[in-house]
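Two complexes come next, and they have one chain in common, chain A, joined by chain B in the first and chain C in the second.
Our next item is the complex of A and B:
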């Protein structure tokens, strides 16, 4: 019964748009938070999509592309699923995109399996999402992808002991596991694993405890925003940098919040896949267009995830129109030059293979602004968390 | 209109409205189903807060308990939907009873803070027990069997809608019966004046515990429904936002009135949906303005609008004569 229904539905959807050769309007449903505390994600996505459209026009191949935005508010799988249902059934979208939080992506997996809708994840970074459906493609990153190279780099730089301090929630714990696994595989030693409650406002006790253990490195994972300010401030005030305890992070110094961190952030080292200061033509063009359209906009990893996701959708539409399975097939192994560097869509994990950069926060001499200066590259890293 | 017809007319009209909506919005069944689930949750809150006068901002605790219990039961034991609802109700009522034994000894602000704390503790337990609950990634792998062995859950959400509607009808009748029974009347009495009820020999404490437990069971059913239909349970089912939104819906509609709970949910969800669809970036403003307007002009909720209008017209006539 269930199968008959879904087959009938797929038939109904596809019969409405016969053949890929005909020019048609392809609709893309974007599910993201546009209101509430996480609205910044939706805003970054929308600006990046509009930047891409401004650069490349509204058509891909023979087809016109149209975006429909839906506000999911925050981590809310019920809402995510019902929005996806509405987009697929009423608006008859051919592609889905967005997805900031892992549960929201998981919630649509059964739907996109049945409707065979390619779904491009702009952010959600848990490796296992892509095993939920063949139709998931991810243009962001996974936590393992950036954390494991960081641990290996730290070992290669001569750091032998480390303490991890992570925020006690899903992504934090993933990051902790990834760091420990990679660091110990190299021969390093994780002295202590500290998990800090999500609502922590005073990091002094944790930082003090790190200082007493005097490791070579301090790995940390924090959710963006206020905790990062306080944490970096506490790190500096307690003189850890002076004691030679190296700060290692990932998204903590992302561009939207970076200027707010102020001089406290100078010298912090992170491993990540995108820096606004990445020196390439693609990045310069992307940033120039973005600022031209939205004077206040700042490009960060969320924008570049959406920008590359939009590129991927354009490529799939040009190759296969509204034919979902063919579109996914055409995307596998696709290579392109992104503002973050060269990308390849991994045919196995369906997450992009990309360079991970080791960066250090510096003050740019020309603009006077803080930037994530790239100091090293770990080339073509795939989703290392896929087999975990 | 005979009294019998009068008492049956509003619920039948609501039922007709639900059925009409399902035909008017065949592409939005998922959305309508979410409204129905919220109606169940808000009804439970109405029983606890509107009738028994137990001030709570933690109804999500029982909702989440029901959701996780039903989800885990479906994954590990039996994926029958109705059995899952029962498990959800049991889980919700156990949590409400156990926490209620302590909570019902307190009142006012203390009570509100403690109800929030219970939900926060549940949230943290679900977060920590990642191996069982999936933590922040959510509980996955829920695949339900057909309802009554006949109606499989489908892509468009037809089965989900009718299933949820049936549950809403059963719960509505159940709550209506409770509130009309001596037990319900005694709850009203406690709400009005606990001292007087104690003076006439009612055990206020146990009545309140019972009301909280029954409300917990209903919230558990709502959680179970959501787990079965979304096929995923997330930590957000314990969130403060959910408790608070349910409370806003209830206040919007009118507390202590069953239709108030239904109407408030319906209006909140529709305005939310409509505003968010038309302007996904600034819709919160519309919701805020609506809540403010209702609180200022109709302090007893939208349900009191007709009575208020009638009074206004009568008053005008009176003044004119």
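Our next item is the complex of A and C:
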């Protein structure tokens, strides 16, 4: 009883006197899918977190850090909210992290606002999430952040006309708008905007329609996995590359499914914030440790988002312990070198400012595997969708 | 004019893929009348074996495909003897529950074995090429699927309508105890028919993988597609499935060319209208 009292007293003192560094155990609740069709995300987050812990130890500043994982299953806002509640009330977590899907992140906004819990988004890429609460910090990217630079780059490369084909759901429509706005602002022309149903299995009709219009570029946004596989195959088989219609994408060639796309993926150009083939010491160290711990793991945007998110949490814990508002304050403007390149936490949008790379799929001569080779870099892009 | 040719070519090519992935189901569900939601599971197993043989062990495409189909049949036979045999006499709902449970088991097994990323089946160069049709090109593998589709419908028609096996199978399905009393080994007939269905499921999974790529969640992702083909075609009719698959392929392709933004709504609305007018499907027989 006495012990419980003293723990409570310590907790009371630390929360009452911010900035006083008293050693305590900080708990981080990670909400992500660990089962079902999206289980790969949760697995990658956990692997990235464990990689970071293996490199940096379990303590930040004077505090020990402990992670608690909760399975949200898939895009399920109700479940996300009740898991967050459980973590905050029963497990008494000081930080939340994870969040693959936009609705899951939106659902916890009122909770973290009330409990003043810093929440690090590892993925969910819709700009407006961060306006839901001051306590959201995002270490992934937003669709505008990668799409707008891609459109501008395409124009600078001499492409003047484009057709967009996006999957007809939230992120697809965001990407379509971002591309059109940026491409037309430069003076380019979007000839046609095709929205493809989420259930599409045969993309030939859409690809043929694009071919008839013979634009300079074909911008596309697809959910990962099977649709991307079929789409890129169809793009190649119908000879669009030979007709000079350039493929422009973002996450389509991400590393987990890249080998599965096969030779069809060769030459596809994308703009994105992380390539597994990024040539830097930080990336080499990250990948080496990841593969040492998990021989089957493949580093991609999801793992790097979680890895940087973990770094951010460590920094916040070292600076402010369990004091939520102080932790967020300490994170704003923070700069660090990530496996993807240099990052800055934007004080205004609370999404990282980062380099966006123009990449092309190539077969690596040494490993024989397909890689996203970086061909150009658009330096330090913030969240361009913040004001939209 | 080009538009109509495009719709015709793509529609038939896509329709034939639909036929190939659902013909196994029209054998088990249509002919044997077991609500076999595990159909996609057998297609997944076929595709996974083919991936494992071709991609990971470097076997050429055709031998890998044939071997994968055979292995799937071999896996399906004990399943029929141990599990499906008990399911035949269940009511519809119990069959749904039992077979969907089996599907989840297959998904989890493949997930454990190969993970949840795409399981590609590398095609030989001869199938990767495109053929010039004059006004456009078409990939060779789609022509192969069309040819295999025609061969399958012809082979099945001969097997089910012209051979003793076919006659016995239809007799056994219509009245099992009478057939059995007449000296037909119905256990064997059912097992063979079930293996045939599983084999076609695997073949469809492998050949259709260019459009409907294999991954652990394949059975759930495309279940609606298989069921629509069999429902529209009419239970128990292979020819019905064939006509339905081609019709649906043409319909879906046409809506995607002409009204891309509302193509899914247009497609399902037409299917609903068709089933409202012909609840038995195109060539279905009304069961007593």
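What we mean here is this: the second predicted complex is superposed on the first by the 368 of 388 C-alpha atoms of A that agree within 3 Å, B and C clash if a C-alpha of one lies under 4 Å from a C-alpha of the other, contacts with A are read in each partner's own complex, and residues count from 1 in each chain.
We adopt the following convention: a contact is a pair of C-beta atoms (placed from the backbone, for glycine too) under 8 Å apart; a residue touches a chain by one contact, two chains touch by 3 or more.
Nothing here was measured: the structure is a model prediction, and the numbers come from that model.
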{"item": "Superposed partners chain B and chain C on chain A - clash or fit", "value": "fit"}
{"item": "Chain B versus chain C as contact partner of A:206, first or second or both or neither", "value": "second"}
{"item": "Which superposed partner A:70 touches (first chain B, second chain C, both, neither)", "value": "first"}
{"item": "Touching partner for A:90 - first (chain B), second (chain C), both, neither", "value": "first"}
{"item": "Residues of chain A touched, compared between chain B and chain C (which is higher)", "value": "B"}
{"item": "Partner chain in contact with A:106 - chain B first, chain C second, else both or neither", "value": "first"}
{"item": "Which of chain B and chain C A:171 touches, first, second, both or neither", "value": "first"}
{"item": "First, second, both or neither for A:123, with chain B first and chain C second", "value": "neither"}
{"item": "First, second, both or neither for A:37, with chain B first and chain C second", "value": "second"}
{"item": "Angle, in degrees and to the nearest 10, that opens at chain A between the C-alpha centres of chain B and chain C", "value": "60"}
{"item": "Where chain B and chain C come nearest after superposition, their Cα distance in Å", "value": "7"}
{"item": "Those residues of chain A which chain B touches in one complex and chain C touches in the other", "value": "39, 168"}
{"item": "Chain A-touching residues of chain B, taken from the complex the two chains share", "value": "27-31, 33-34, 37, 127, 130, 135-138, 140, 146, 152-157, 226, 230-236, 241, 276-277, 280-284"}
{"item": "Of chain A, residues touching chain C in the complex", "value": "37, 39-40, 168, 194-197, 199-202, 204-206, 208-209, 211-212, 225-226, 229-230, 233, 237-239, 256-257, 260-262, 296"}
{"item": "Residues on chain C engaged by chain A in the complex (per definition of touch)", "value": "2, 6-7, 10, 13-14, 17, 111, 115-120, 122, 130, 136-137, 139, 210-213, 215, 217, 220-222, 225, 252-253, 256-257, 260-261, 263-264"}
{"item": "Complex interface listing, chain A residues touching chain B", "value": "1-2, 5-6, 9, 34-36, 39, 42-43, 69-71, 74-79, 81-82, 85-86, 89-90, 102-103, 106-107, 110-111, 114-115, 126, 128, 132, 168-171, 173"}
